[in-house]
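Each of the next two complexes has subunit A plus one other chain: subunit B in the first, subunit C in the second.
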Partner chain A sequence: MKLQLEKRPQPSRRWIYLSPLLAVVITMLVGGALFAALGKNPVEAIATIFWEPLFGEFAFYYRPQLLVKGAPLILIAIGLSLGFRAGIWNIGAEGQYIIGALSGAGVALAFYPLDAWFVFPLMALAGALGGWAWGMIPAVLKLRFGTNEILVSLMLVYVAEQLLAAMALGPMKNPDGMGFPGSRNLQDYPAAHNADLITGSGLHWGVVAALVAVIAAYILLGRHMLGYQIRLSGEAPRAARFAGVKPGLLTLFCLGTSGALAGLAGMFEVSGPAGQVSIDFNVGYGFTAIIVAFLGRLHPVGIALAGLLMALTYIGGEIAQGNLGLPAAAIQMFQGMLLFFLLAVDVLTNYRLRLLRRPEAA
Partner chain B sequence: MDLSSINPILLLASIMAASTPILLAAIGELIVERSGVLNLGVEGMMITGAICGFAIAVGTGSPAIGFIGGAVGGALLSLLFALLTQVALANHVASGLALTLFGLGLSSLLGQGYVGVKPPPTPKLDIPVLGDIPLLGPILFSHDLMVYVALALVAGVWAMLKYSRAGLILRAVGENHDAAHALGYKVVRVRIAAIAFGGACAGLGGAYLSLVRVPQWTEGMTAGIGWIALALVVFASWKAGRVLLGAWLFGGVSVLQLNLQAAGVAIPVEYLSMSPYVITILVLVIMSADKSRAPASLGRIFHASQ
Partner chain C sequence: MTDALLTISGLTKAYPGVKANDEVSFDIAPGEVHALLGENGAGKSTLVKMIYGLVKPDSGQMTLRGKPYTPYEPRAARAAGVAMVFQHFSLFDALSVSENIALGMETPPPMRDLARRIREVSETYGLPLDPHRAVGNLSAGERQRVEIVRCLLQEPRLLIMDEPTSVLTPQEVDILFTTLRKLTAEGVAILYISHKLEEIRALCDRATILRHGRNVGTCVPAETSARDMAQIMVGASFAAPAKARHDAHGQVILDVSGLSVASPSPFGTALKTIHLTVARGEILGIGGVAGNGQDELLAALSGELRTAPGAIRFKGQAIGQLSPTQRRRLGLLAAPEERLGHAAAPNLSLTENALLTGAQRRGLLTRGFIRWPETRAFAQKIIDRFDVRTPGPDTAARALSGGNLQKFVIGREVLQDPEVLIVNQPTWGVDAAAAAAIRQALLDLAAGGAAILCISQDLDELMEISDRFGALNEGRLSDIRPTADLSLDQIGLMMGGAHGMEVAHV
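Up next, the complex of A and B:
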């Protein structure tokens, strides 16, 4: 007997929906085994990560955090998913996120302490433009010179991180900060503060932006010509060219849009939950968003759900760190594992497992 | 600022050592890509090799066993990638990214107890006569064994690709996997072997970082070197000799910027630290005009259908 893969004529509808769920279940099982190997009670650890933030004793505090952590992930992942669908790989969202935050904070610090209504919208604009510009670098280089956008966008993450450090220690340092690194805290500057729209709900402008992005992407992909071209380029590049799709324009659009969305996410973060430009401002949302995009099947609604799930693992992971002493790295690995299993399970979407009774004739 | 404090002989000597990790990772990835597989997980395999090598060297007190451990760790991790791309037929780009994300998490989990620990020192070879040659002696003949192992690997890979039957099969699989399959070569097995070799090389490079270059363990210590190694393969147009050239170039840039930092040049440290990444982008721009050298089946999924 022999197991064999047989290509399906079309991707299985059922498995498109089932495989992310199955991947989550397998990750829980293997993750539980991992936690057990670390000497923790696996059931308790998994329950702490997935149950505690939603229905535990302190859920009233954690539930808003779900929006705070989920919004940047969803915002970035929506942008990434457009490119991933078209076969354009922007993996430098972390850098675009940083530059967006720096641009937004730069505007705020330039206007400080002016109290005017236009400061925050201007910051949002600057954040989006900053991220857009950072995303356009790999796009233009790809178009003009044929450089690989994967490598360039990733290199720019490291450049952005150094720039962040330079800014936090240099030009953007708080003049009243008694020499400590980091900028002024924007939470203390009302005109620039991205505060909760309803106090204590976690619902800040970034969450609104994420919601708008999900809806816009849904309409774009399902109802708009450009969305059709994006999908076509990914699924059948040759056919796309015959259909008159301009790959160059598509590259510019996908990398630019994902850059702008990542930049926006960074700006909302620096003016809200984070509050200031500091050396360790970025926490890897740009990379986790890659997992979110795949887990959500590159579909806007799926991404929204996946983003919330990933936010849950962040929050639950923090609780598990505090309560059970689970190392932070274990959660990072847990998230990486999720993508692994998803990719592995995904084979069932495009292929059918067949059990051959007889060895095939040679 | 005191540029005269930079000793050109020491500078050239340290380029040899600084280029070793990137050279190891790049030569491994070269083999992987020549077999038609694009493994973007170099960074993850490298850092896993770094911690495996470090932990084993600390545990056994022997850097040599540590290096072997690093190679094994990298190879084991790469087999996960092989499983995804060769057995489950997953997308190469996504699987490589998954490998890097997973490897970064795994390494920081494994490395928890090792922060601040000093590894056993790796001895420098004292080559008699050759090491005493003025000028050339300190530059070429005063390094630890791994520097020469890396150079030997480059030479071996070059000869293997150019002259051996195994090299021919590897190239056939990478250029046209359907044709290679039709000729009866085991495409999947060749590729899995290539992936494991690439993983071992990346792990070795990582172990060199944590045991010799730095030498200590810090989270995320590879800091993009794995990605630069990927860029190096493109830069080298998938040729072994050019990988060496590229590795020296990047080793040179990183050593030079470190020296400039130490000499107190009036540029903030952060801008100097950017330079290897910026130069990688510039080099990619210059070298990307010629794409004809890329293996024709690079990144394509192979499924033997009846």
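Up next, the complex of A and C:
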């Protein structure tokens, strides 16, 4: 007996949709086994992660958290997916997210305590521009010197983290903070606060921006020539050049857009849920968004769903840590498994599995 | 010839739809440089792959040093004393020369010993090579030396070389030839694949010529002219070329003068001062053996490769700097050779592939937004008009057979009413019926007043459809002559690279 992969004549439509679901199921099974090996009840652990946040006793608290955590993931992942589709790999969204937050917060702190309507829009603009500029660094270096955007964008994350720490300890430190690191809390500055639009719903401007990004990306990829060129470049770079696509411009566009969206996400976070510029402001949304982008099949609607699913495992994971005493590393591993199995199952969209009985006499 | 080292008799290998090798027989003697000659697709690489154990023959025998030889994998071939230097190197840039060589060995000796042996071998055979240098810093010629030394360390009896000089400078070629002569003096046999006839005449003792998978002749290159060899390669299968359809041509619409451009690919061929004109209503055929600048010529004309503005003129306008999109808007369209990945994106649907070149001329966009219904209708029209066998426009391009996809690709350009159409290998790998349909479409297009430049390695095809003919050789274009006046002799000359034998023929 021998298992063999056989290439499908064209990608299976069914498996494009089924494979993420199958990956989630396998992750649950293997994750359950992992939790069991740690001495926890696997069914309870899985239920805590997936059920508790939505329908448990404290769901009224967790459900808004789903939006709060999901929005930045979706916003960043949408941007990343454009580049990934074109074969342009921005791995540094975390850095662009930080710079966006610093730029947004910088504007707010500069205007403090002025109470004017334009402060928040200006912050959003600054956040987007900051992320865009940080994303343009790998883009320009790639075009000018042929550097690898994966490495440059990733390394810029660590530069951004240093910058964040320097800001939290230096120029942006709260003058009334009694020497503690961290900026003023923007939640206490109404003109700059990214508050819930409906109190207690978790629905802040970042959620609106994520929704707009999903719709815009859907239209761009499905209906616009630029989106077609992005897809064509990823599918067949030579055909793209033949069609007249300018690879350099596409690199600038993709890295710039993903940087701007990550910057926006950072700005919405710092002015809302996080509230202040602090040393530990970034919690890895920029990296998790890579998983979200692939989990969502680089499709805008898929990314929206994947972002919510990922947020769910975050929140559920925290509950499981609190209630069941699961180690944080086990939760991270669980999330990693999701991407791992997704990529593994992905092969089924282009290949079918064949069980052969001794095909050749050997 | 004394006892043969390798005897091949009746080797046959068929792939679906094509016989790559048909009853090929020849032998190689120890110490002989034996050339394997033939056009692209003549079956040279299949034959060599069978000798090297990469492909299993359907029938036929091989004998190596008197014993039956059936290598089931390259390792077995190497164990039997057969080594091969591939045209494209498989080396790791970041590793040193000796590390790269160790990677390819079954049981690598300790690094220090290996480095010493590499030095010895490279000095013995005049291939200067420092074992400790990183491969990334080596020139193409030096990289090839790494591959050759790697083979020589196995002390082969037969060394197969696949177009070894295509990446070398003339000086490096001289060094290589010296090495090869040293090897043969020790009794090593060399099977030498090349298109370059003069090179073969200088180096090889005997030559076996393949055409359409068959051995069509063996000759002694030193005693045979390049012209004669080209003639055997090309075959006498086409009798008198069909008469040109027009005597008087229309206005010249595409004018290429002094086109020189470097190839974007490291294995490519630079174009050297190409002059040509194509007039309305005519088909200009460009022949030549593959790899002599065909891809580069298409890229320079389609706009993928930018050139000096004035080198290419369309209706008098300098267009060398224009993008493919801008050239399409003017009316200059192209269909590259490689269907999957160049002319079409394999995973995208036919509708999406119709958009690939049709967006501008077919008005498939409004302010950048794609008009999908119109695009789909365009794809459907191509399918209907060119009899593309497929379930429908939503099928992925890669699901189509080669011939059907080729009909789609050509149809996509023809139905955009081009003023100039450039095609490269329009019927390559296409069945006879589809090929005839494509040729007819090109003839019809020309009859309708378009200028067509057809690059092809199929001489029969060029004789059938083109009004004038020229051949590419090492990036240079021969004089262009009316097809009707051409003799087989002259074609062989043009392809063999004898330039300017008769000057100023217009």
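The definition used in the following text is that the second predicted complex is superposed on the first by the 358 of 362 C-alpha atoms of A that agree within 3 Å, B and C clash if a C-alpha of one lies under 4 Å from a C-alpha of the other, contacts with A are read in each partner's own complex, and residues count from 1 in each chain.
What we mean here is this: a contact is a pair of C-beta atoms (placed from the backbone, for glycine too) under 8 Å apart; a residue touches a chain by one contact, two chains touch by 3 or more.
Quick caveat, the model's predicted, so the values are computed rather than measured.
Colleague: Would subunit B and subunit C fit next to each other on subunit A once aligned, or clash?
Modeller: Pair status: clash.
Colleague: Is A:332 contacted by the first partner subunit B, the second partner subunit C, both or neither?
Modeller: After superposition on chain A, A:332 lies in contact with subunit B alone.
Colleague: State whether A:10 touches subunit B only (first), subunit C only (second), both chains, or neither.
Modeller: The answer is second: A:10 touches subunit C but not subunit B.
Colleague: Check whether A:243 is in contact with subunit B, with subunit C, with both or with neither, and answer first, second, both or neither.
Modeller: second
Colleague: With the two structures laid over each other on chain A, which partner does A:323 touch: subunit B (first), subunit C (second), both, or neither?
Modeller: So A:323 meets neither subunit B nor subunit C here.
Colleague: Which one hits more subunit A residues, subunit B or subunit C?
Modeller: Residues of subunit A touched, subunit B against subunit C: more for B.
Colleague: Figure out whether A:154 sits in contact with subunit B (first) or subunit C (second), or with both, or with neither.
Modeller: First partner only.
Colleague: Kindly classify A:89 by the partners it touches after superposition: subunit B alone (first), subunit C alone (second), both, or neither?
Modeller: After superposition on chain A, A:89 lies in contact with subunit B alone.
Colleague: Pick out the shared contact residues on subunit A: the ones touching subunit B in one complex and subunit C in the other.
Modeller: none
Colleague: Going by the contact rule set out above, which residues of subunit C touch subunit A in the complex?
Modeller: My answer: residues 302-304, 323-326, 328, 334, 336, 338, 340-348, 352, 355-357, 359, 365, 368-370, 372, 395-396, 398-399.
Colleague: Help me check something: in the complex, which residues belonging to subunit B touch subunit A?
Modeller: 40, 80, 83-84, 88-91, 93-95, 97-99, 101-106, 108-109, 111-112, 219, 223-224, 227-228, 230-231, 234, 268, 270-271, 273-274, 277-278, 280-281, 284-285, 288-289, 291, 303, 305-306
Colleague: Mind listing the subunit A positions that touch subunit B in their complex?
Modeller: Where subunit A meets subunit B, its residues are 5, 7, 89, 91, 141, 145-148, 150-152, 154-159, 162-163, 165-166, 169-170, 287, 290-291, 294, 327-337, 339-340, 343-344, 346-347, 350-351, 360.
Colleague: Which positions of subunit A touch subunit C when the two form their complex?
Modeller: 9-11, 223-226, 228, 231-232, 235-236, 238-244, 246
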